[in-house]
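Quick one: the structure is below, questions incoming.
Think of it as A, B, C and D in the order they're written, each chain with its own count starting at 1.
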Amino acid sequence: MILILKNGATDDQIDHVIQKVESMGFQTHLSRGTFRTIIGMIGDESLTTEQQLQSIPGVHQVIPVLPPYKLASREAHPESSVIDVSGVKIGGGNLAMIAGPCSVEDRDRMMRIGESVVKSGANLFRGGAYKPRTSPYAFQGLGEAGLKILREVGDAFGVPVVTEITDPRNVELVAEYSDMLQVGARNMQNFVLLTEVGKSERPVLLKRGMAATIQDLLMSAEYVLSQGNPNVVLCERGIKSFDPSTRNLYDVAAVPVVQGLTHLPIIVDPSHATGRPDLIPPCALAGLAAGADGVHIEVHDCPEEAKSDGAQALLPEQYNEIVEKMAAMAELLGKTIS
Amino acid sequence: MILILKNGATDDQIDHVIQKVESMGFQTHLSRGTFRTIIGMIGDESLTTEQQLQSIPGVHQVIPVLPPYKLASREAHPESSVIDVSGVKIGGGNLAMIAGPCSVEDRDRMMRIGESVVKSGANLFRGGAYKPRTSPYAFQGLGEAGLKILREVGDAFGVPVVTEITDPRNVELVAEYSDMLQVGARNMQNFVLLTEVGKSERPVLLKRGMAATIQDLLMSAEYVLSQGNPNVVLCERGIKSFDPSTRNLYDVAAVPVVQGLTHLPIIVDPSHATGRPDLIPPCALAGLAAGADGVHIEVHDCPEEAKSDGAQALLPEQYNEIVEKMAAMAELLGKTIS
Amino acid sequence: MILILKNGATDDQIDHVIQKVESMGFQTHLSRGTFRTIIGMIGDESLTTEQQLQSIPGVHQVIPVLPPYKLASREAHPESSVIDVSGVKIGGGNLAMIAGPCSVEDRDRMMRIGESVVKSGANLFRGGAYKPRTSPYAFQGLGEAGLKILREVGDAFGVPVVTEITDPRNVELVAEYSDMLQVGARNMQNFVLLTEVGKSERPVLLKRGMAATIQDLLMSAEYVLSQGNPNVVLCERGIKSFDPSTRNLYDVAAVPVVQGLTHLPIIVDPSHATGRPDLIPPCALAGLAAGADGVHIEVHDCPEEAKSDGAQALLPEQYNEIVEKMAAMAELLGKTIS
Amino acid sequence: MILILKNGATDDQIDHVIQKVESMGFQTHLSRGTFRTIIGMIGDESLTTEQQLQSIPGVHQVIPVLPPYKLASREAHPESSVIDVSGVKIGGGNLAMIAGPCSVEDRDRMMRIGESVVKSGANLFRGGAYKPRTSPYAFQGLGEAGLKILREVGDAFGVPVVTEITDPRNVELVAEYSDMLQVGARNMQNFVLLTEVGKSERPVLLKRGMAATIQDLLMSAEYVLSQGNPNVVLCERGIKSFDPSTRNLYDVAAVPVVQGLTHLPIIVDPSHATGRPDLIPPCALAGLAAGADGVHIEVHDCPEEAKSDGAQALLPEQYNEIVEKMAAMAELLGKTIS
C-alpha cells in the first residue's frame, strides 16, 4: 500500500505512522514531496486493511497496489479457467447457453420448455425452485418438488441444470438435485451463503449485485474460492441506474473488465439486465461481441401465465431465432458451444 | 391497477386483456382515448402482479394505485408506531440514540466505550459479533463470545443492546443475548433471513440496502411484519452514487419520504452513510432536522486499533460533543430522548 | 394524459380537477375505482405539462401516454431516417465510422493520423478545435486554426469532418469548415446551443449527457428538429455510475431502446464510454452487435503527447485491427459502410 | 502526483517514465516495492494532467495530491469567503434566504409574491426570465420583459434579485437588471457561459449539475474565479439517482464536504432537489443543520397556474411557516440572516 499523508502532517504524526506500520510487519519508504509526504509500505498487504490504515492520524489517503482478491485474480492465475458443469465447459472459448423459465412450474410445461430450448441449442437448463421475491405475498417457488421437476427435465433432454440457492440450510438438498448452484444478485453479499456454497462441490453461478462494483463481485467470488470451491462462473445482469427505460443498466463493459482482472469466466444475462423481451436479442449479441463466456436467457411458452417474471422472458420460438444468431456470431468470434 | 394499452392495440387484444383480467377476479372499466386505450381494474390488487399484467399482449404500461406493502403502509395504519426496545421508545417523538463500536472487541475496551457513550446520552449500545465483511480474509467477529460481552456491557450500564444477525440459523442465539436484531444493508433483501427475524419476538433494526429504493425497503419491512413481528425500525445509511467524496450517498430526504408512506420509525446512520468522522456531526444534525426518529453513530476509543471500520468512528469525546448538540436540536424540534 | 387522484380526494377536488382540465381544452373521462379515482384526459397533450397537472390539488400522479418528442418519435415517423453527411450515409443499415484525435493538434500529426484512419476504413474524420475542458487551465483547443487543419485533412483524404461546437456565437464559423456539428455530452441540455445548431443546415452529432435519460436525449434532439434541422445523429457515450472501473458506464442497451423510440440513427462512442483503450475494441463490437448505426473512436499516434484525452485513444494500428473486426461483424449483421 | 507503475513494468519503461516526467519539469523520486514501482513527482502539478501521465506506457495509476482547483481551494484561502450581493451577505455565518417563483410571470403576481416572501424573511428575490426547459414546446420565459419585472419587484421591497443566465450573449443585459447571476444545473459545465460570467462583476450563484461530482462543481467555480470574478456561491440541488421517490437525490453531506474543500459559501435548494412541496420544509431544515450558508426555495401563490415547476413550489403561507422554523434553527446554530 501507499500512504499519502495530510497536508501539514507533523513530524510526530509521520513518526507515529511509520512506527505503527512497521509494527504491523511492513518495511516503509518515506518520500517528502513539495506538498505531501508519502510512505510506501513494502510487505504482505493482507496484514492490514485500507480502513485500519485510514484511521491512523495524519493519513490522508490509502492506495492499495494489489487486488484484495488473491485466488480470483488473474495476476495469481494468468490462464483463463474452464469450468466443467457435468460435462458442459464454460470459459476459455467455450460458451454457456443457459435457458429456461424464471420459476420451475408444473411438470408438463417444464418438459415442453426444456425440450424446446435444448433443441434450439441451450446446453444448460435453468429454473428457480426457491425464489427470492421482493414481496412476501408473491409466489415463492415450489421448493423440493420444483427441484425434482428440474432434475427430471435435465435428465430427459441430457443437459445439466442450474437453480438458485437462497438458504444456507438448503445447500446439500439443492446440490443433490442440480449441477450448478446459482447465487442471485440480492444474495451476492450474503457471506454466510457464499461460505456454504464454497464448501459444496457444485460449480457456482454468481450473479453481480445491483449495487456491486466489479471489485465487490470479485471479492464475493473470493469467498467461494477461499472455502475450497474453485468452480465459479460470474454473471453480469445489470446494475442500478437512473434511467427507467430498462429495469437495470446492462454493463456490457464489465465483461472485458472482469476478464482482465480474473481467470474466472463471465456470462451475461440480458433478461434480468433489461427486463424487456425486445431488448434481449440485441443485448445477448452485444454480450457475446464483448467477449462473454455465455448467455443466460429466460424462456417461457406463455409469459402471461408465468408465475414470476414472465414479462422478461422470450417465447421458445424467439429463443430459437436468437440462438441461431448467437451461433453465427460465436463462429465469427472463434468460440465453441459444447 | 390501471392498464395502458399499446398504441394500435387491436380489438382482439383489448378483448383478451379484459377477459384475462376479469378471470383474475377484477371488474374492468374501459376508456378509449384519442391515442390510447386504458383499462381500469377494480378489485383486490394482491390477486395479481405488475409483471404478470405486463406480460399480457397489448399491454404497454401497468400503473399500480395502491402500495404493495400493506402492513407497513401508513394508509393502513395512520398513527406512527412507537417501538419499545426493552424500555427504550423509538418513534412518535421518541429518539433512539444508538452508539458503540463497529465490532465487539475485547471486554475491557467495550466496557470503557459503553460507559462513555451511555454517560454522554446514548440509550442503546451497539456492536457486531457477526460481521458481514467484503473480504473473506477480514476479521469476521467474535461470535457468541462477542454476544456475551455485549450483553455484559448493556447490563452494566443499564441500556438495551442491538447487534447484527447474518445467519438464519443464529436467530435464536442472537435473540437470547440482545434486545434488538439488526439486519444489515447487504442483507436487506436476504428474504430467508427476514422471514426468520420476522418469527422472532425481538424488535428489528432494518438497514436500507445500498441499491434499495424506498419501496424496496418497505417491502423488506413487510416481510418481517407479515411473519408476525410488528416491531421494525428502519434505518437510512446511504446508497450508491457516483461521487467518491463520501462512501455512500446520505439520502436525508428518505426520512420524510418514508414517514409519509409508513407508520414505522426511521433513524439515520451518518457513520455508514458518509464513512468520514468529520461528516458525522453535521449529518447527524441534518438527520434530526429532517425528522429522523434517532441517530446511529459508531464510536471507538482508538480507531487505528479498531478491528473494523475504525475510519468512520467518532472518539468518545467527539460523541459527547455531538450528543449535546443533538439534545439541543431535539428540544427545538419537540422530540424526547427516553 | 391520465390523472390518478389522491386517496380520499373529495368531490370538490374532483370537480375542480375536471373543470380545470376541461378549461385547458380536454375532454375528460371519470372512473371511480375501489381505492382511487382516475380521470382520463382526451385531447392534445401539448396543451399542458405533467408539472402543471401535478400542481392541481388532489392529483396524485400524472401518466403521460404520448412521447413529448413529436418530431423525433418513431410513432410519428416509422421509417428509419438516413442522414447524409456530405455523401456519407448514417442509419438505415449504413454505418458511420468516425475516427480521429480528441483535439486537433499540429498539421503534420493530423495529416498522418487522418491518412491512417481513412486507409483503415474510417469514413468520417473527427477532431476538436474548441474543447470543453473540466479545468480552465487545460488546453482549450486551437480554435479557427484548428478548424482549418481539420478541413485540410478531410479534403486531403476525401472524407467529411465532424467537430465540436461549444459556443452559440460560433455556429456559422464552425459550419463553414466542417460537415457535421458535434454537441458534446456536457452541452446536451445547453438549449441555447441546441437552438442555434437547429438553425444550421449542417447535420448534428448529439452526444448523450452523463446524467441524461433516453427521454432527455430525445427531447434535446427535438430542440434541433423543431428549429428546422432534421439531420440529427445520436450518440451513446456512457453515463454516470458508481463503479470506478470505467470512466462512465457504457449503456449499450440504449441502442435498441432508442431505435424503438425514434427514427434517428444512433452510434456508440466506446472511447468516452470506457476511458480505457483496452476496452474500446470489445465495446465497439458490442455496440455494433446491439444494432448501432456507427462507431466513434479516438485515435492518436502518440497518446503520451496528446494535448487531451490521450489515455482513451487507440493507436492507428490498433484502429486498423478493430476496423477489420467491425467490418466482418457488419457483414454478419447485413450492414454497409459507405 | 504519484505514479504507480504496472506490475511487471520493465526497466526501459521505468526509465522512459522518469525521463518523460523530468522533461516536463518535475523532479522524481523512485521507490521499488515488492509488487509495484512507484514514482513520486515533485514540482508544479499544473504542468501536466492526470490523463497525459496515464498515457505513458507502463503507468498503472496516477494519484494527484493537490486539488486541481487552486483559487477555489481552502488550502489556498483558509478563511471562509463572505459574498456581498448588493448588501446581503452570504457565507461566514450569514445566511442567504432566496425565494420566489420558478419563472417571472405577470407583474401583479410577482409583486404579490415578492411582497409576501420579503415580509416572511427572504433577503433575495428570485425568478427566471430565460428558462432552460427540457421541451422546446414549453414556456421559455419572458426575456427582457421578465428582467424588468424582476428588477421592479426587488426595488419595491428593497431586496437584491437573482435570475438565471443561459446565453453567453446575454450576460451584460442580465447583469444590468439583476444583482446576482444564476448558472443552472444543466449549464454547470457550459464552460463558454462560465467564462463569460467570470468576466462580469456580478456575484454568481452556481448550481451543481445532476451528474457533477463535488470536484466537478469546484472546477466549474474555478472557471469563474480564474476570469477574475471572486464572488461565487455554490448550490446543492440534487443529483441523479435510481430511486424515483424524489426528483433528484438531495446530497446534504455535500454541504460539509464542500466547506472542507473550499472557502466559497454553499447553499441548498430543496425545491429542485426533491421536486415535492411536502419535502421542502424538512429538507430545508436539514440543509441548515448540515451547515449550509443559505436556502433557496421556490414560492408561488397558485401552483396550478404557474408557468413552470409549480409542483415543487411552496405557497406563500407555507414559506412563512418554514422561515420561522429556519430562523429558530439559525439562532441555535449561531447563524445570522442579514
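Methods note: contacts are C-beta pairs under 8 Å (C-beta built on N, C-alpha and C of every residue); 3 or more make two chains touch, one makes a residue touch a chain.
On a predicted model such as this, the values are computed, not experimentally measured, just so you know.
> Could you tell me which pair, B-C or B-D, is linked by more C-beta pairs in contact?
B-D
> Which chain's centre, taken as the mean of its Cα atoms, is farthest from the centre of chain A?
Centre of mass proxy via C-alpha means gives D as farthest from chain A.
> Starting from the mean Cα coordinates of chain C and chain D, work out the distance between those two points in Å.
So the centroids are 26 Å from each other.
> Between chain B and chain D, tell me the centre distance in angstrom, where each centre is the average of that chain's C-alpha atoms.
Going by mean C-alpha positions, chain B sits 31 Å from chain D.
> What is the distance, in whole Å, between the centres of chain B and chain C, each centre taken as the mean of its C-alpha atoms?
39
> Chain A: which residues touch two or more other chains?
211, 239-242, 244
> Enumerate the contact residues on chain A facing chain C in the complex.
Within the complex, chain A touches chain C at residues 211, 213-215, 239-246, 249-257, 260, 273-274, 278-279, 282-283, 285-291, 328-329, 332.
> Touching chain C in the complex: which residues of chain B?
Answer in residue numbers: 2, 4, 7, 29, 31, 33-36, 38, 40-43, 61, 63, 65-66, 75, 240-242, 244.
> Along chain C, where are the residues that touch chain D in the complex?
20, 46, 49, 51-52, 54-57, 68, 132-138, 166-169, 186-187, 189-193, 195, 209-211, 216, 219, 222-223, 226-227, 239-240, 303-304, 306, 308-313
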